[in-house]
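Here come two complexes built around chain A, the first alongside chain B, the second alongside chain C.
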Partner chain A sequence: MRASEKIESDVNFLRLYSPEVLELIIEGNQEDLWNNVVFIRSSPGAGKTSLLRLFEPNSLNTIYNHKSQQDYRELYNTVCKLDVINETGVSALGVLIQFTKNYEILDDIKYSEVTRIRLFYSLLNARLVLATLRSICELNKLSYPNDLEQINYEYENEKLFLRNIQSPCDGRELFNWASGLEKSVYDILDSFIQPDVDKIEGHDELFTLEILQPKYFKVNGRSSFRRIIYMLDDAHKLSKSQRSSLFKYVIDQRGNFNIWISERLEGITEFKSYHERDYYEVNLEKYWGNNTSKFKKMLSKIASKRAAISTDDVDTFAENLDDSIDEQIFQKEIKESIETTRKKIQEVVRKTKKFQDWLDYLIQQSDTSLKTAILHKSAEILIHRNLRKSQMVLQFALSIPELIDKIDPSIESAARYFLSNEYGIPNYYGFQKLVVLSSNNIEQFLAFASDLFEGMLSNKIASQDVQLSTKRQEKIIALVVKKKWNDLSTILPNPKAVEGFLNKLGNYFNKITYEPTASYAPGITGFAVHSSRRLIEEKGWQENEIFEELQDTISTCLAYNLLEVKEVSQGAKNQIWTVYYLNRWLCVKYQLPFTYGGWNKLTPEELLKWTK
Partner chain B sequence: MDQIKTNSEITFRWDPYALFKGEEVDDLWKSIVGTDGSSTLYILGKGFDVRMNLGLKSILDCVEAKSLDIFLISYDEGETSHSNKYSSLVDKNIKELNSLISGPVLKQKAMNIWEGTGKTKKRVGDRQAIDLIKEYSEIQEYENIIIDISALPRGIYFSLIGKMLSLIDNKPAVANIPNLLVVTAENAELDSSINETGIDDDLHYPIGFGGGIELEASKTPVIWLPLLGENKGIHLNKANQHIRPNEICPILPFPSKNARRADDIFNELYDFFDTFQIESQNIMYVPEQNPFEVYKTIISAIHKYKISLATMGGCKAVVTTLSSKLLSLGALLAAYELKDSDYSLGILNVDSHGYDLLNEDGLDNMKDKSELLVTWLTGEPYIEN
Partner chain C sequence: MRTALAETLLSQIMGWTAEEVQKERPLLQALSNFKYNEYQQYSPGMRFIESLVRWLNQIDDKAERRIAYNFIKSNLIFISSEQISHLVTLAFPQIIQPVLINKTAEQLNVSKYAIRTITNSAEFALNKRKSLFIGLSDGSKIDHFRRCNNISNEQIYLDYRISESKIKELINELKKDTGETTFNSIFLIDDFTDSGKSYFRTEDGDYKGKIYKFLNSLLQKTDDKLSSLVALQDCSILILFYVATSDAVNYIQDSVKDWLLELQIDIDIDVQTIQTLLPELKQDILKEQEFLKLCKKYYDNSIEDKHYKKGKMDSPFLGFNECSLPLILHHNTPNNSLPILWLHEDKKFVGLFPRVTRHQ
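And then the complex of A and B:
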């Protein structure tokens, strides 16, 4: 399954692509999508680049040419709804530019800021022209750059944007101009001895968005597309001044072109001055978080498709993950848990009779099933909760209906985790849990799914039942978690601080989750920063130098997808809290549940100590 | 400088080449540094690597260096770098250096590897490295220029050596060509005890070695030639995600002092070879201690691919140096030679924020087993009479 990650051909890419994510775009207002600025945001591995790749000419051509085939029909129908393909062919030209560190290096050159921004726009204009020409060739099945003469470009140039090239011209002339300009700026970036910048054509704006319109292009005398979608990938790699200048420009100029900009979530702090009406935002994690069933459906399809192309005779995935405990195998543990819990409750009842009815009810459960074990554990949790309450409460006996009434899904879930923690009965298994474990991130899902699939293949080779038992799934998941944790020391720039912080955080959550009262049932996996200082502060913790190490640590955790951010409404006047949740794979490390509900307020001072 | 021809005959700038090791090094120093009237600039980095002073010591042990200037590069890896916990080793190296150089002139220059903090933090070491020596006039008085890369991070010495070669190749016509030599203290065991931590998330090509890879104007197939070493699985995957190559041609060190080294590296990276279904005929082997063979192997391979893919407009090639500094030097030479030719060869390194020493107590023992190798890049051996 991991081998299939090397998806080079468009055919392979599209066969394995699941179109659910397109519904996110379709569900929005079509007016927001076209002649507008669209931001596509997520953390790494959530599928931004794959989404943009879908709109490249080769992908759209492949979808159109295979529209009758079963594997492509759903994708074809979905993109038709977006009006980029119709019965006659592909009508939209996708032009993809991937931002690299190249651009940011321009900011390091010792020129004035004005010069640096001019060089930035020169480089970007040149590359947009080249990428547009390449896309036109791909759309029309021309050879790039050999067939550029077949493209005609007619732009009136009233605003004199084009200074060193005449229009009308053909694609070759346009290519020569743009490639010369790109090379001249590139030479500044990549030379040991810097060339003279005064000789380079500098641009003040991204005028290519205006001059590269469908109406100005003809291929062999014919128009071949009616809209252009400019897709700028990885905008977070630009410098702060470049992002700011670019975004201001495209938002101010919006209405005349389609521009989609993808970036990581960490790069968006400078956006506060813009209003939501100025652009349209697609946040992949937020969407999947609010549409978990769609996310599950998408992952199921991705896994099935990848398994289907496997040559190892294991062609399904979700169905081969056992999703219920084989109670025969864990009979010893279940029985032990029932007996031990019952004894503990008997000890309590010796001191106070108010739980006598509950104990009698439990003793009546003669079977040794997991359900009974959960019932016992739930009762134990409720007893602890009751004992914690004020001693002044009168000691009336609690009835059986009261017990049954108080056992809600959160208590049962907590009980389930307690059983897992104390007796080793697996908890992390099944496709549903795997979906949640992926934390709305496709790459993360594949990291676990591929090892699970390897497990299925191993079973096949050993002539065993392909289906993975719950115990085996949990073991494989734990190994993947261990490897991910071990890799952190190599990947993270400040591993000691981050690992120390996460360990203290995870152990803290574990301690609270497994308190006998299960106060945050089924468990706690997040925190919000709450300042305890009552004095008027000039700066919040995020700007205060005292907490610089905490800021760096949390920033690193967010950048490397170790913490997830959610806005939660709670408390007085629906106050909005920024809650940082552990990525779900870290929940496995600390034996925590996958739910997002439980979180606690922690002061910046406490958190800062954990970074030491 | 010889240009690579796009026909069956390739010519190499560094062929024949001048490479010295063991006792040959002492003789070399006597012949070029110890001669009357010779002036030498010795450039080295200030770091924790115990091999930092071995090169300089070898010169001072065998010659009376009458005109020897020492240029010490002091680089700051940032407050959060893991390497900062080895400041005592740095101090020890400096103390040793000071005891060696009672006579020669010592110049120091400080530079930063990083700029900014938090989200704005970015790597600037390579750009600052090319500004260490800005113009030819700063080196024109020296007959010999020796760059010791034993304690210099790759991100610095790549751009520094590239700049030096560029200054020499573009020197004023009347000036003599200086001898440019690169010293490394080779020790595979010590190398494997230094773990890189905090590898870069965003990769980039060092200044001068972009190779035109990122030019939008040419979107030809990309051939990736990773120069493989131990403990580099994560680096390899990162580089692969960035490059997205059409073909992978790994380079393994063989022959090597540990005869099984190539096998061990292959076994360690088996998943990588398996996942990307790398064919055995794509694997190339280079002698562990000869950067010039690496240089020739890389250029030959690229030349062959360029011919094979001529109908597709040629190809671009990227080398990732995940092996020793000595072999990385070979990649540097290949990329430098092909710069400004119609071949595209870029070097994409996966750098780190710091280092972790796995066996700090055993360093001195391992240090004694280091072997000095000197690669001679410009000057006497290459001047045609």
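And then the complex of A and C:
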């Protein structure tokens, strides 16, 4: 049950792929999608690369050729809506370029900024040509590079972009030119001495986007596709200057080509609103965050599809996650919680008769169900709240309707977390919670789902009921969380600072959540940075070098999907606050609720101390 | 047996809870897939998990089974084919080349650290060609060794007993390539030894073993043809094991040295290993008292043939010569390992990695 990037065969990848994510693109304005620059942004594991992989020629060919099969039908219908496949075949050519660190290395060589960018464009032009030729071969079932002579390239070189190649030409000649150009850039990278850069065909722009258009390509004399989708994956691996030059160029030139750029969100400032920019943005997590039922549906399908191909005789997933507390099993804990809470309330009633009616009402609830335990705990929270402000309030007895009226869903939810925290009654279980726990990230869902599935298999092997009890689910989830936390020390660039910061943050949230008054019921899981410096007009904390460590720490948390960002309007002036919520798996670590909404304003000075 | 069925049986035999299954199963699957399934002496259809089920099922109660299972999980050393291949590729650059460099440095009268000067010299190339590589068993993988080190086919041989016609051929080819008729280095190569006794030992006052036989023919000139391969005055011999215990290396070194003293022959003979197994390995196993009780309980003395009895026999359940090794080689388990791990298929108690014996 792990990442689709690792699924090697196209057939398996497509059988397991859930097309809900495509609806995100379909729902948008189709005009935005074509002849435009599309940015696909998310944290790692949200499905960017899988989305791009779907538009590669082999994937589209496979979907078209299997369109009658049940497994592919939904996917086929969905991609038809995007007009990349029609009844006669595949009509779009997906060309994928994966950015790796070797582009960034170009920025380390000792040439001027201008020369470095020229080399970058040379390399990218060469690779776009090679990738396009490869994709044409794949789409037309030709062998690459053996069959390149069957491709005719009919560009007349009107703008003289091509200097060292005669055009029109065939695919082989185009390949030889691009390979030679690519090799000459490699020679610079591999050289110990500073080579003569003037001998290399440097490019000032990414002209290949203009000269590689469907109308210029014929395969054995006929056109085989109507549009090309250039897909540049992992753009965050480019250097800052390469990235900004490339983005500026493609946005300025937009209109004549389709270019999709996927990248991980890394910096704090990148989370600012994009709506006025001249490109179309697909933010996967934001989309799922706004479409939770679709996200749930997709995860359910992903899990079911993967479970269905399991060879271990457990072929369903969500159904095997128990989604209610077995009160029989937790009878002792429930009973103990009711007795203890009642004793505490009796203590209070001895001092003030104000809560006598409430106590009597609680005593009338003679059963020992979980509902009664929640009622007791809710009453206790309300009593604490009342006592906190009682100095100024007359000591009138509070009525039973008042109690019932004050217990709202957030108090009940807080009461559940209190019971879990104090008596070990599980709280993290069921498919719905698993969906929220995934923080809109498919890879994260699979990390938890795969271990839960392993638990189901283990039940079967141990000759038990396959269904996982709530307690077992919570235990497995806690183990995955522990592993994810331990992994941070190896994957983060500055693990000590980030771990320390998250620990302080998590413990602070835990302390507030479990205050007897449950002031932020059901709990608090986020913060906004609130600058208290009023006397001197200073730079904001994001730009101020005093807070560099805090900026780095929060940036790392965002890049590694440890914090989620939401924009929240609050206050009389509807001020927009950027709220940083803990990723939901971290909520498990600090025993916090999964709800969004509970957040606190913290000063940058205070937060900075937590990074030390 | 289907793996799923084997896993179910395993959980029943071990009395595991579902949580224990979840903890152990991925580990067992990883161990099986990475290494243990490649054991070459499993019968058709048998794989590690199936063998583990059979092995544990022979043990009387769950408590004993847990001891046995934990021992396997924590102490077993399995050397895979890939690991041996890696050691083979290391043999030349790590052990043999330095020997040839030292020899050439002396001849050129330069520092042995002038590596480039030495390895680019004609003398080094000559010394390399005048080296004879002899595999002492199939485990030496002498063919693989030759291919990865660009060594002529005419300077390797897989048997310490070299036929007359082969000796003639080796000398003729050497003469063609270098104009000379004798080798000046001999490398005797094998994969593994724990005690060293099958290579050099005394029985009733007589010397025995593969290395003894080869050296005796060569140095005492009991075989004129073999001794014609080398000029003793400028010859060095290196005995190389890919894996060996430090005890075995010291034992062979001392035994050969004593023998040479006895014969008053002055020749440079060294013993080296790429992966040394230290004495701590045995000491750690001897601390596993609970498991050793099982080794004793399920020991089958019918394995004690005349070869087995050549080692120490006070506690034969510790393996040949009481070596107490927890070691499995991918192609066979050495008899120096604990017998409970390798007892043959025809015994009442069958080992987890049943051994096929050379001496039928």
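Everything below uses one rule, namely that the second predicted complex is superposed on the first by the 590 of 612 C-alpha atoms of A that agree within 3 Å, B and C clash if a C-alpha of one lies under 4 Å from a C-alpha of the other, contacts with A are read in each partner's own complex, and residues count from 1 in each chain.
Everything below uses one rule, namely that a contact is a pair of C-beta atoms (placed from the backbone, for glycine too) under 8 Å apart; a residue touches a chain by one contact, two chains touch by 3 or more.
No experiment lies behind these values; they were computed from the predicted model shown.
Superposition model on chain A: chain B and chain C are shown in a clashing arrangement. Of the two partner chains, neither chain B nor chain C is touched by A:Asn574. In the superposed pair of complexes, A:Pro493 makes contact with chain B only, with no contact to chain C.
After overlaying the two complexes on the shared chain, residue contacts for A:Ala559 are found with chain B alone; chain C is out of touch. Shared-chain residue A:Gln551: touches chain B; no touch with chain C.
When the two structures are aligned on the shared chain, A:Arg472 is found in touch with chain C, with no touch to chain B.
By the touch criterion stated above, A:Asp190 is placed in contact with chain B alone, chain C being left untouched.
When the two complexes are overlaid on their common chain A, residue A:Glu104 makes contact with chain B while staying clear of chain C.
When both complexes are overlaid on chain A, the residue A:Asn459 reaches chain C alone and has no touch with chain B. Once chain A of one complex is fitted onto chain A of the other, the partner contacts of A:Asp313 are limited to chain C, with no touch recorded for chain B. The superposed model places chain B right into chain C at 94-102; the other stretches listed in 4-12, 58-66, 94-102 or 166-174 stay free of clashes. Overlaid on A, the two complexes show chain B and chain C touching no common residue of chain A.
Chain contact summary for the complex, chain B toward chain A: residues 80, 82, 115, 117-120, 122, 124, 127, 130, 159, 162-163, 166-167, 170, 195-199, 201-205, 207-210, 212, 214-217, 219, 234, 246, 274-277, 313, 352-354, 356. Of all residues in chain C, those touching chain A in their complex are 4, 7-8, 11-12, 16-22, 25-26. Within the complex formed with chain C, the residues of chain A that make contact are 311-313, 451, 454-455, 457-464, 472, 475-476. Residues of chain A that touch chain B in their complex: 2-3, 5-6, 8, 97, 100-102, 104-105, 108, 126-127, 130-131, 134, 144-146, 175, 178-179, 182-183, 186, 189-193, 237, 240, 266-267, 269, 487, 489-497, 548, 551-552, 555, 559-560.
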